[in-house]
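After this come two complexes, each holding chain A, first together with chain B and then together with chain C.
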Partner chain A sequence: MNRLVDNARVVAALGRRSVRQTFRRPQLMAPIIIFPSLLLAVQTGGAGRAVDLPAFPEVNGFLDFMLAGAMIQSCMLAGNSGGIALAVDIEMGFTDRLLAAPISRFAIVLGRLAGTAALGAFSAVYYVAIGLIFGAQIEEGILGVLLMITFVTLAAVAFGGIGAAIALRSGSASVVQGLFPLVFVIMFLSSAFFPADLMLQPASAIADYNPISFIVEGVRDPVISTVTGEGAWQAFASILGIGVASLGLSSLALRHRLRTGG
Partner chain B sequence: MTAAIAIGWPTVAVLVRRAGNELVRVPGAAIPGVLAPTIFYLGLTAVFGNLTQLPGFDADSYQSFIIPVSLLQGAGFTGAATGVNLARDIEQGWFDRLLASPAPRPALLAGLVASAALRSLVPATVLLIVAFAVGAHWPGLLGLGIALFAVMATGTVAALWGCTLALRFRTQSAAPLMQAGMFILVLMTPSYAPQELLQGWLQTVAEINPVSQVLEMARQGFVPGDVTWAETWPGLVALVGLFVVLGAFALRGMRRMAD
Partner chain C sequence: MAAIEVRGLEREFEGGIKAVCGVDLEVAEGEIYAFLGPNGAGKTTTVRMLTTLLRPTAGSASVAGYDVVSDAGRVREQIGVALQEAALDPLMTGRELILLQATLHRLSRADGKRRAEELLERVDLQDAADRRVGTYSGGMRRRLDLASALVHEPRVLFLDEPTTGLDPVSRKAIWSEVAHLNREGATVFLTTQYLEEADQLANRVGIIAGGLIVAEGTPAQLKAEVGRPHVEIAIHDGEVDRAREVVARLGKPLPPKDGLVLLELEGGATQIAPVVRALDEAGLTVESLDLVEPSLDDVFVAKTGRHLEADEAGAEEAGAAAEA
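The block that comes next holds the complex of A and B.
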């Protein structure tokens, strides 16, 4: 029991450090807030008339449709930023000092992911606020907002696990930084920015099976329509699948690092 | 005056050759500048391709409509990279040695921006190959020439912006500011849809943003396909204006650096 409490304390301390670090370094914060906000603003103003297309779902406005995409983009980039920060810690020797301390090794990774989760929750609240300020309506009200924050926070942990796995395996910030364009490839091949049925082939077909589409739809449903059990379950299952895979990979990468020393 | 010109031209040529050497010896350095606009081009085409079905959308191919945006983005990234390289040279002390030489300051700046103009043709070439492969219209030789001129001029303007910031902050940490500046300017234009179909604040911003004129100039060969003087001269005026303003800032930074 005492060990569990100690590990929870380590996770909380490292999580706080991770959040502080992100807020102090503009290069980590910018991809989470500035870049998705800018794209949201430009795409809403530039492609807003898309709601007039015959097959476009019934929405109050294009901003309502786009909010979920911006949130998921932000938490994917938060996972990437968390991976970069972890890799910098490895490069600077900070992780070695943690590994030498009498604490659980996996708590070190969980600490970083706790920070990413906090950033995910922050980004969800930020985009809900931005949406409401600029006229979006959330059909499912407060409960819908809570569901959105929950999904985005869990998704941030799942994506953070991918960043952490690559950081632990490579130990190089520039390798994790190299994932940045990949985030956009995955986003463009999902229904994050447009209904999958209205996208061009083959992107449309890929978006139908892309787990990011299910997560985005799960976050989007409370804004533009009503939450359905099937939609929420598909979103949760997708987050769970990515989370289990990414945490498993992080665990393997950590073991490899401990065994080989790099 | 004659002596300054005599030293100036070889200085420009040497700096351009140095940038060319970097491209040949470290080809990986050019990859981000090529990759980002290419991903955005393919992604935006796949996602927003059906916007052409909207009433009032004056293009039948989104591949053709969006390619000039990606060309200018590529040029913007390349110009920003010139600013980052200058910041690196300042940090490492190499630029101090240039300042200590008898080369005129404007020649140093001209060398940097000329290299950016030429390097911006690298992402443009890749983008055009990808665009034609996925069905963008052939803009005709004149249309293509005007688009490439817009690319080189945008690369020059972006390099002046990057150099201004590099000379001001003297650190590579200013890189995001250099990249974001041109990225924002290019996106806040009729990039996703024609001016008449833009909504809210973007419609107003795109109307006063000078890069909108540059974009329309570069776009005319692709959409609607006719090159006219009426679509060309506003872009030229916008480019000259940006060149004069940003050039003055960069030269002032260069003089302050030397003092």
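The block that comes next holds the complex of A and C.
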């Protein structure tokens, strides 16, 4: 029990450090807030008439539709930023300091992910606030907001695991940074910014099966309609699937690093 | 029980590169042991294995009585580690770093705060404690690194090149702190490429080259192996031969160098007075007289055929060329 409490304290301390690091290094913070905010502003301002297209979901405004996409984009980039920060720690030798301490080795990864989770929650609250300020309506009210924050926080952990796995395997911040454009490709091949039904093939088919679409829909439902058990379950299952895979890969990458020393 | 015990330790990297090729050593409790060698000699790889950061590919090692592979967790509880180049997060403050280190070593929040205050005062960083590490000088970073390694009062302290790149004043401050820690009972294992550092600080020195220990002993023992101290006497022109005759009975004359009379003295500094008296009684004018002790570099040369500092210069030149 004591061991568990000690490890929880370590994870919390490393999580706090991770959050502070992000707020103190603008290049880690910018992708989480500035890029998705700009994209949200540009798309909402420029493509607002899209809501008039036949088969576009019924929404109060394009901003209501776009909020979920901005949140998931932000938490994917938070995961990427977390991976970059972990790779920087490896490059500068800070990880060795942690590895030489009597803590569970995986606590190093969990600490980083705890920080990413906190940033995910922060980003969800930020985008809800932005949405409300600019006239979005959240159909499911407070409970809907709480569900959105929960999904975005969990999704940040799942995406953070991917960044962590690549950071641990490569030990190079520039390699993790190279994933940045991939985030946009994955996002545009999902229903994050446009309904899958209105896309051309094969993008529409890819978006139908892209787990990001399920996550985005799970976050979007409380804003534009009502939460359904099926939608919420699909979102949760997608997050769980990505999370299990990414944490598994992180664990393997950490073992490889410990075995080979680099 | 030895604080550190190493038998046939080896580390081979991918591609068959062997960085450490069978190191044997023993460090007693309360000893300062210096691992002296040029870049690439295997010092850091050995430290990384002893601090459980790297698994040996052969051999065994125990630290504070625990095996570095099978009991790695216990080893980590007993050791403090300050790694090469002070791996500090430039975005953290000094105080945050020590508090984090205290949490990693399971100190309670209150104990962590108390220990942070003590250590920051000890390394004279109270005034800079709440500044980001990125604003610290090299010497301040090293002192902070040392303080963070001490947070849990470790039994064995590993310092990997603790003064590399520091100015002489900062270097002496670190030496003084290490000596102080040792007086308090800590066993210290340090790696260095500085002869003076090993000479000043260490109770025993292991000279490593090409992944192997080529000589080991106290600095005095190692120097004694390669020769005795000698005096270099500068005498007025034209009187050198007579001076050599006068002092010959007091020691072993060595071949003259640069017009100097060289005399090996078995008793070292204790024999200088008779030499000066003999020259004075013979009416010879001494312009200068220096006692020259064999250095660890002489030991390094005798064991490896190369100068340690020349190796370092070569490595730095190669590094500069690679960067260019």
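Things worth noting here:
The rule is simple: the second predicted complex is superposed on the first by the 262 of 262 C-alpha atoms of A that agree within 3 Å, B and C clash if a C-alpha of one lies under 4 Å from a C-alpha of the other, contacts with A are read in each partner's own complex, and residues count from 1 in each chain.
The definition used in the following text is that contacts are C-beta pairs under 8 Å (C-beta built on N, C-alpha and C of every residue); 3 or more make two chains touch, one makes a residue touch a chain.
This structure is a prediction, so every number in the text was calculated from the model and none was measured.
In the three-chain model built by superposing on chain A, chain B and chain C fit together without any clash. Of the two partner chains placed around the shared chain by superposition, chain C is the only one that A:G261 touches, whereas chain B remains out of contact.
Contacts of A:A30 after superposition: chain B is touched, whereas chain C is not reached. When the shared chain is aligned, chain C comes close enough to touch A:A100, but chain B does not.
Touch criterion met: A:D89 reaches chain C, while chain B stays clear of it. Between the C-alpha centres of chain B and chain C, as viewed from that of chain A after superposition on chain A, lies an angle of 90 degrees, to the nearest 10.
Look at A:G48: by the touch rule set out above, it reaches chain B but stays clear of chain C.
When the two complexes are laid on top of each other via chain A, the two nearest Cα atoms from chain B and chain C are 11 angstrom apart.
Note for the complex: chain A touches chain B at residues 26-27, 30, 34, 38, 41-50, 52-53, 62, 181, 184-185, 187-189, 193-194, 198-200, 203-204. Contact residues of chain C toward chain A in the complex are 13-14, 48, 51-55, 73-74, 76-77, 79, 81, 83-85, 87-89, 91-92, 96, 99-101, 103-106, 132, 148.
Residue ranges of chain B in contact with chain A, taken from their complex: 32, 35-36, 39-40, 42-51, 53-55, 173, 176, 180, 184, 187-188, 190-193, 197-203.
Taken in their complex, chain A has these residues touching chain C: 6, 9-10, 13-14, 17, 20-21, 24-25, 89, 92-94, 96-103, 258-261.
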